[in-house]
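The chains carry the letters A, B and C, assigned in the order they are written, with residues numbered from 1 in each.
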Amino acid sequence: MTFALFAEQLLNGLQFGVTLFLMAAGLTLIFGVMGLINLAHGSLYMVGAFACAAVAAWTGSFWLGLVASLAAAAGAGALVELLVIRRLYDRDHLDQVLATFALILIFSEAMRWLFGPFPLYLDMPALLQGAIILPGGIEYPLYRLAIIVIGIAVAIGLHLLIARTRIGMRIRAGSSDREMIAALGVDIGKLYTIVFALGAALAGFAGALVGVNQSVQVGMGEPVLILAFVVIVIGGIGSLRGALIGALLVGVIDTMGRFLLPQAFMLVMEPSAAATTGASLASMLIYVVMALILAFRPRGLFAPA
Amino acid sequence: MAEPVLALSDLAKSFGALKVTDDVSLDLRPGEVHALIGPNGAGKSTLIHQIAGSLRPDAGEIRFLGHDVGQLSVAKRARLGLARSFQVSSLLLDFSALRNVMLAVQARQGSSFNFWHPVMTDRELRDRAMAMLERVGLAGRAQVAVGALSHGERRRLEIAVALGLEPKAFLLDEPMAGMGPEGSKELTRFLDGLRQEAPILLIEHDMDAVFALADRISVLFYGRIIASGSPAEIRADAEVRKAYLGEPQ
Amino acid sequence: MTREFWINGVLALLLLAAPFIALAFGESFYVTLATRVAILALAAVGLNLALGLGGLVSFGHAAFFGIGGYAAGLLAAEGLASMPLIWLVGAVVAGLVALATGAVSLRTSGVYFIMITLAFAQMIYYFVISWPTLGGEDGLSLALRNEFPFVNTLKPLNFFLIAYGLLLLALFVFARLRASRFGAALEGARQNETRLASLGIEVFPVRLWAFVLSAMITSVAGALYADLNRFVSPSMLSWHMSGELIVIVLLGGVGRLFGPVAGAAVFVLLEFALGGLTERWQLFLGLILLGTVLFARGGLLALFAGKARHG
């Protein structure tokens, strides 16, 4: 194993973590502000990816596709919030789980209806094709590096939005004291729609970015959604900082586990057995880490009081 | 003098810079009603939480029947015989009045891991629970779901549940809250008889009840006990008058 | 006798009669459908113990369902084709897994619990598809249906009766548990955790036991499901399966004795009826579900037998 290979895997882990953050940020905001558990968040990720692929294929521009992914996911999010989600805020988590599970079925089937049963493919934009040589002689795909940069930029942007702007102030107030914010004369219904659409847009954006590296198909959001749950459970539900750190942790541990565990087993086993044992244990690694963290901190690393 | 049943010594608790319990020492002796009074925000609830075990004090000791219970869970303290009634009624809403009390009797017997025998045909369990309901005058309402009971009935049911635990001490958090004058009087008479069974630490805003029942009164003010003594002494205490000035109870 | 008692009796008889009627009309396919109802109802009875009585929203019961299924597949491959043995092994393994995962997840509550049970089930799913001897994405197939003493399990009606018998047994166990001291403590913990602790009952072990028993019942259903399809696939472990089990409990009525039976019947019939009408039946299933959650709270039994009564 060379240093370059190790560094490349580490960057892959970061890239994975950053996309998880885009998903987890929306989930944790929505939970923090509205107290809602949204299983259909993965569907919005899928909507973003499909919108991007369809518009990119139609116009030939990935960038227009990216804009479309934001618009489509935010639009779908706002619509769903207005039609369904706002009836669920006062319900218990069981009802929320059930209703958003139903939304997954509806979204998946609707996508299949619109786009047919076959996966779509997204071409990488010309601007981001090829590799770049990083300090230390590490050759790394430019596109993946761009995802990392974009993800970090979004994290900073979100932080500024929440900490510095008027709408951010309302979001913060909304998550700590609902009556207070209603008493201040803020239209709470509108605020909730905006927060939900914002979370949806982030998910759709993540879907579009990832759609380049894999096929765009129905059900693509579900594995990511479950990992995003792991992320916010580790980070502390409702905490944006927890979501970022949790996401990077999950991304790096998962990627490095898959890379290093088979190699570690090779020291004690014959190669093919080591590869399979290592791979299957690596697939469990992140959940074991989650269990360990929860054993010591049942409400995650950065749970808001 | 008899050994106290419950004794707090030098209890302290802060939330950030705010001292909510400031060096509180207090005891409860057999057969007495010890009332704890004080204006809102004096720290009565936090003190109850620390005694019951749902909050850990920063410093100090809580002894119950000679045991140091400071590190024990809520359930362990309850099993030792500390029965707590809640300020905001926290009965099991889906259950009938009878089942609420039966669960207390069952807890007292320490046998919640019987998976097979139906409780409703357990004569002994039922009879004991019925006896408690009878004592608080709710026998006729035994089968009614808690959700359908009136406020006053729920307050009495809270007491019946505490009785079901056959405790060594009662920790009653505003049992009169929201009761009409007639109900308060009746409950006062009832609690008066209860002290023979186990001493009562009574937190209460209803001063008529407090002065009718208490053998001793302690006054909590901003987390500190500023006075402690017989009802007559407390009535005469200048500091208490000052603390309550402008806030008649 | 309450109205619910009679409705339950009718449900039990209807389910029992269905395969006989089907056979009388020569429609043996419906025997399989009725068996599917019985098996899914059994799995949901397990979940109802945790979810309905304990208020524990487990989004990971597919793990236990799948463990039962894989127990059937693996033991059959080893030549140990006896159903009772398979059920036992599956239930013990599922119970142990529930003990370990429950010990972590029951330290949390609410939405954390939902996500953690989901995550643990997902962990088992990924383990199973990547572990070489478990057949990966393809799963395992059973050459023959496993055996039951003195019964020819290859006859669909016999197999139905086995599943139906187990369902009745599980319902009986559920009813006894609910009426017992343990049930009182478990239902008390659902309604008010603080109250229970202040009575001197530790909530954690009560819930852990309920979770373990619940997992064991669901695992037996998983083994039967594998035998019904003569095939174990990782989809038994998927989170869609967990979701479907919750749907079944909710459709029928959370915490009600026959809720899982009513729910499973409706679910299987919907799947069958909608599946026959349109390729996009999941879309309509989603809409029906959404409608149920938003507008028909309390499930089917609440519609017919009124709000749940508690003694």
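Simple rule for what comes next: a residue touches a chain if its C-beta (ideal position, glycine included) is under 8 Å from a C-beta of that chain, and two chains touch if they have at least 3 such contacts.
None of the values given here were measured: they were computed from a predicted structure.
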Query raised in the report: Taking each chain's centre as the average of its Cα atoms, which is closest to the average over all protein Cα atoms shown?
Result: C
Query raised in the report: Among the chains, which has its CA centre at the largest distance from subunit C's?
Result: B
Report summary line: Distance between the CA centroids of subunit A and subunit B (whole Å) is 49
Query - Whole-Å separation of chain centres (CA-atom averages), subunit B against subunit C - result: 43
Query raised in the report: In whole angstrom, what separates the CA-based centres of subunit A and subunit C?
Result: 31
Requested in this report: Can you tell me which residues of subunit B touch two or more of the remaining chains?
Outcome: none
Report summary line: Contacts with two or more other chains occur in subunit A at residues none
**Report entry** Sites on subunit B touched by subunit C in the complex
**Finding:** 52, 54, 73-76, 78-79, 83-84, 86, 90-96, 99, 102-104, 106-108, 110-120, 143, 145, 161, 165
Query raised in the report: Hey, which residues of subunit C end up touching subunit B in the complex?
Result: 176-177, 179-185, 187-188, 191-192, 194-203, 205-206, 209, 308, 310-311
Query raised in the report: Given the complex with subunit A, which residues does subunit C contribute to the contact?
Result: 51, 57, 59, 101, 104-105, 107-108, 110-112, 114-116, 118-120, 122-123, 126-127, 130-132, 239, 243, 246-247, 250, 254, 280, 282-283, 285-287, 289-290, 292-294, 297
Query raised in the report: Okay, in this complex, where on subunit A does subunit C touch?
Result: 31, 37, 84, 87, 91, 93-95, 97-99, 101-106, 108-110, 112-113, 222, 226, 229-230, 232-233, 237, 276, 279-280, 283-284, 287-288, 290-291, 294-295, 298-300
